[in-house]
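Note that chain A is present in both complexes that follow, paired respectively with chain B and with chain C.
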Partner chain A sequence: MTLHDLYLLSPEVSLVGLAALVVLLDMVVPRKGVLAGVALAGLVVPLAFSLALWGTVSSEGAQQGIFGTLAVDKFALFFKFLFLAAAALVVMATTDLFDRLGHSLGEYYSLVLVSAVGMMLLAAATELISLYVALELTALPLAALAAFHRDARSTEAGLKFLLLSAISSAVLLYGMAFVFGLTGTTYLSDIAARIGSSVLRPDVPFGAFALLLGVVLMVAGFGFKIATVPFQMWVPDVYEGAPTPITAYLSVASKAAGFAVILRVFYIAFGAEALQVDWGVLFAGLAVASMTVGNLVAVAQNNIKRMLAYSTIAHAGYMLVGLAAVSAGAPGGSTLGPSGLLFYLAGYTLTNLAAFFAVIAITNKTGSEVIDSFAGMGRRSPWLALVLALSLVSLIGIPPTVGFMAKLYIFNAAVRSGLAWLVVVGVVNSVLSAYYYLRVLRVMYLAPPASSEAVPASVPLRTALVVTGAGVLFFGVLPIFLIRLAERAAQAILS
Partner chain B sequence: MTPSLIALAFLAALALGGGLGVVISRNVVYAALFLLVSLGAVAGLYLLLLTEFLALVQVLIYGGAVVIVIVFALMLTRLQDFAKTRDHHQWPLGLAAALAVLGLLAATFVVFQPAVHPLQSTGIQELGNELFVRWALPFEIASLVLLVALIGALIISRADRGE
Partner chain C sequence: MTLLHLELLSAALFAIGLYGFLARRNAVLLLMSVELMLNAVNINLVAFAVFLDPARLLGQVIVVFVITIAAAEVGLALAIILRLYRNRSTANVDEIDLMKW
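The block that comes next holds the complex of A and B.
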């Protein structure tokens, strides 16, 4: 390890330092608000390091560090920004739950931060072993956080997440073992080179049975992370039982980390043109299953957190459309598929966080997660209801929200790759999903309120709501900045 | 039949038999002891592959620490809680899944025919060098994972005291 390596790792190292600081402060600081403030202010340090690295990468090109196990490129940095933003917003949104989470608030914040470290490493790892331990570092804090409420549902959520993430890790490792057995290396770029120099059989998908088995097992392992059908069984129970800020965190950051690692592994290790076509088909199938199952089951839900859980499964399906639209399938090796996926992830992060933050405020007041308890919110708390309405509209994909732009971009990529049928499935699903999202809107604006009392929200939560709500609207009208960023990031793994 | 092949067959049978014993045994304590047999046999397999250090670690950590922790856990919980472990209705499903995986693996190896490499012994010194130089990053992340596990376990076990 050289000093340069340390510089490349500086966002992660500083974030670990911050997590340790928050835990230690918890022992000496009596006021809980201070911890949230420290965690929030401290996030500026890794952000500053990431910005500095972005400058370095812009001027000197992508960097490889720590014996080639870690890449610092625009792709990794794009996700670092995303995870830091998500962590900051989740930290802010937790302030309304101090009375329920306050028993170990320092640990709570530090686990959120350490999980973000895992995600950042996951998006940057270029070697299978580092990638696997980063995955564990992401999942383990989330399991503890899911069990943070001291009730039966929360404990069940934590246990389910822990067990299923362990099983999916085992499946993933098994797949990695096959890939390692075939290629004799764990470095992604070396895997690509070995596959490129070996003779692939045209009659077998992926050119070799061992590779087929390895890739399918790895997809199953990653499928758990991104919550796609048929690896979605844990999602509703965990989302329902976990503290709502953690549910929000799981639904955006953990999912984004899963997609980041899939993008990097598949475009770098299995990026050969023949292989791209094969896994494109695999992801197209998963996309159809995930969109359809997620939306159909969401229709039947009465609990808002469960409904949003199925909605995230459906959205994993839309995102998989971006993976199915492989660059090899498009004329001129276009980058629309991967960059569309990155843009969608960023937009979805804003949208889903806005939705969950509104749910935090409302359920905190009413004490009920049933959709009918949202009755008359349009009159009780017009601004809160507006943010929730905006995010739901964005989840359907109606302009002028970022959700519309993201769907437009990703479906456009699919059409360019010759996947018009997949787009038809996606659009039909979007229409279907409008039913259950609009049901919430109807209850909020048309049903009579149970009381006329406004829903209170702390200043940090209100700030988080305003930031995410404004983001949904802003990037829905002016998406070009975000799209450029996503394109530059996607370029890093395609070149 | 070379001696190492005979040893391989013996150890593999022992590992498999131990594994079966874990699954079939109706007494949890017996299951834990069967696990010890299986893990020990795997340590033997590592020795056959000339990876002395892995074998040592396998015996120390899995054969020693892990099994002891399991036995301790059994000692500290009420054994009658486990009486129902024998009513598992999922065993046909489990058997089918196990056979399917076996078939898949066998087919893959038959079709794929992996290359045979001559065995090479890896010394502990080289291993240490590799671990702390080339694999420094995953090693450090793993230590962070352990820290997180510690904090997580603390919170969950502290839950009783709070209210």
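The block that comes next holds the complex of A and C.
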């Protein structure tokens, strides 16, 4: 490990340092608000290192660090920015839960940061062992965070997340073991080369079938991460029981990390022509199942967090449409599929965070997560209701929000890859989803309020709401900046 | 003993673990079932490494990582189960049903 390696790892290293600092400060600082400030201010350091690395990558091309196990390219950096932003916003949104989380706030913040480190490594990993370690580094802190409230519901959420995460990583590892056994290497690019030059070992029982089994098992393992049907069983329970900022974090950052690793693994390791398997069909099937199940079950929900949980399952389906377009391979090596997926992930992060942050403020005041308790919010807290309304409109995919642009982009990519039927399913599902999103709007604006009291929100939470809400609108009107960024990031894994 | 034998052993162990995970009702036993599945993976990895590439120790190295992370996982899971037992006085997953659709 050289000094250059350290530079390539600097965002992660500084983030780990920040996490340690926050835990230590927790012991000496009596005022807990300071911890949030330190965590937030400290996030500037990894952000600055990431920006510096972006400059380096722009001038010198993509870098490989730590014996070639980690790639520092624009793809990884794009996700680093995304995770840092999500972590910062979640830190801000937690301030309204101080009285419930105050017992160990230092651990809370440091776990959020450590989990972000895992996600950043996950997006950068180009080798199976580091990929697995990063995956667990993401999942274990999240399980602890899901169980962070001391009540029975939160503990139940933590246990369910941890057990299902453990079994999914066992399945993933079993798949990895086959892939490793058949190719004799753990580097993604070498795996592709060995498959490509078909030096599949003749002395291995069942040869190519075992490889196929390995890949499918890996899809199942990753499917858990991105919460796609049929690996979605944990989602509603965990989302409902976990502290709401963690639910928001899980729904955007953890999902984005899952898609990052799928894109990299399938583009680099299993994209080889020699495998002669069209992953597009597999992903298209998962997409249809996720969209349909997510939207249909969401209609029946009365709890807002559960409804949003099923909505994230449906959105995982829309994102899989982009992945199917990637695999179906638009002619001429188009970046439309992957860049559409990246753009969708960024837009979805803003949208979903805005929705959950508004839910944090409202449920904190009313003490109820039932959708009917949102009655009259349009009059009680017009701004808060406006942000929630905006994010729900964006989740449906109506202009002028980023959700519309993202869907347009990703469906366009699918049509160009010859998956028009999949787009039809997606659009029908979007219309279906409008039913349950608009129900919340109707309750907020048309039902009479239970009281006329305004909903209070701390300054950091309000800031987070303004940032995400403005982002949803801004990138809905002027998406070109984000699209360019996504295109550059997507090109990194294509070359 | 050939590679096929070890593959079958590993597959059987994995299947037993999976069955245990689905059939058992005690949270601690679920955890043990997952451990069984992870050990099936470990056997698989070592078998591949020994039979196909004895000169390098790559498979054994992966196993060390898997064991380490599994230990961390068990630690966290037992802590959560302990908390759950204090809250609900049970570790039976059938009774852990506050949230259902």
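Note that in this section the second predicted complex is superposed on the first by the 479 of 495 C-alpha atoms of A that agree within 3 Å, B and C clash if a C-alpha of one lies under 4 Å from a C-alpha of the other, contacts with A are read in each partner's own complex, and residues count from 1 in each chain.
The rule we apply is simple: a residue touches a chain if its C-beta (ideal position, glycine included) is under 8 Å from a C-beta of that chain, and two chains touch if they have at least 3 such contacts.
Values in this document were obtained by computation on a predicted structure and should not be read as measured data.
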| item | value |
| --- | --- |
| Which superposed partner A:V459 touches (first chain B, second chain C, both, neither) | neither |
| First, second, both or neither for A:L213, with chain B first and chain C second | first |
| First (chain B), second (chain C), both or neither touched by A:M27 | neither |
| Which superposed partner A:F148 touches (first chain B, second chain C, both, neither) | first |
| Partner chain(s) touched by A:I66 [first = chain B, second = chain C, both, neither] | first |
| First, second, both or neither for A:H103, with chain B first and chain C second | first |
| Which of chain B and chain C A:E156 touches, first, second, both or neither | second |
| First, second, both or neither for A:V16, with chain B first and chain C second | first |
| Contacts of A:V114 with chain B and chain C, given as first, second, both or neither | first |
| Contact residues of chain A, present in both the chain B and the chain C interface | 129, 132-133, 136, 140, 143-144, 147, 150, 158, 178, 181 |
| Residues of chain A that touch chain C when the two form their complex | 128-129, 132-133, 136, 140, 143-144, 147, 150-153, 155-160, 162-163, 166-167, 170-171, 173-174, 176-178, 180-181, 184-186, 201, 203-205, 236-237, 240-241, 297, 300-301, 306 |
| Touching residues (chain side chain C, partner chain A) in the complex | 3-4, 7, 14, 17-18, 21, 27, 30-31, 34, 37-38, 40-41, 44-45, 47-48, 51-53, 58-59, 61-62, 65-66, 69, 72-73, 76-77, 80-81, 83-84, 87-88, 96, 98-101 |
| Interfacial residue positions of chain A with respect to chain B in the complex | 1, 16, 23, 66-67, 69-70, 103-104, 107, 110-111, 114, 117-118, 121, 127, 129-130, 132-134, 136-137, 140-141, 143-144, 147-148, 150, 158, 178, 181-182, 208-210, 213 |
| Complex contacts: residues of chain B adjacent to chain A | 104, 107-108, 111-112, 114, 133-138, 141-142, 144-145, 147-149, 151-156, 158-159, 162-163 |
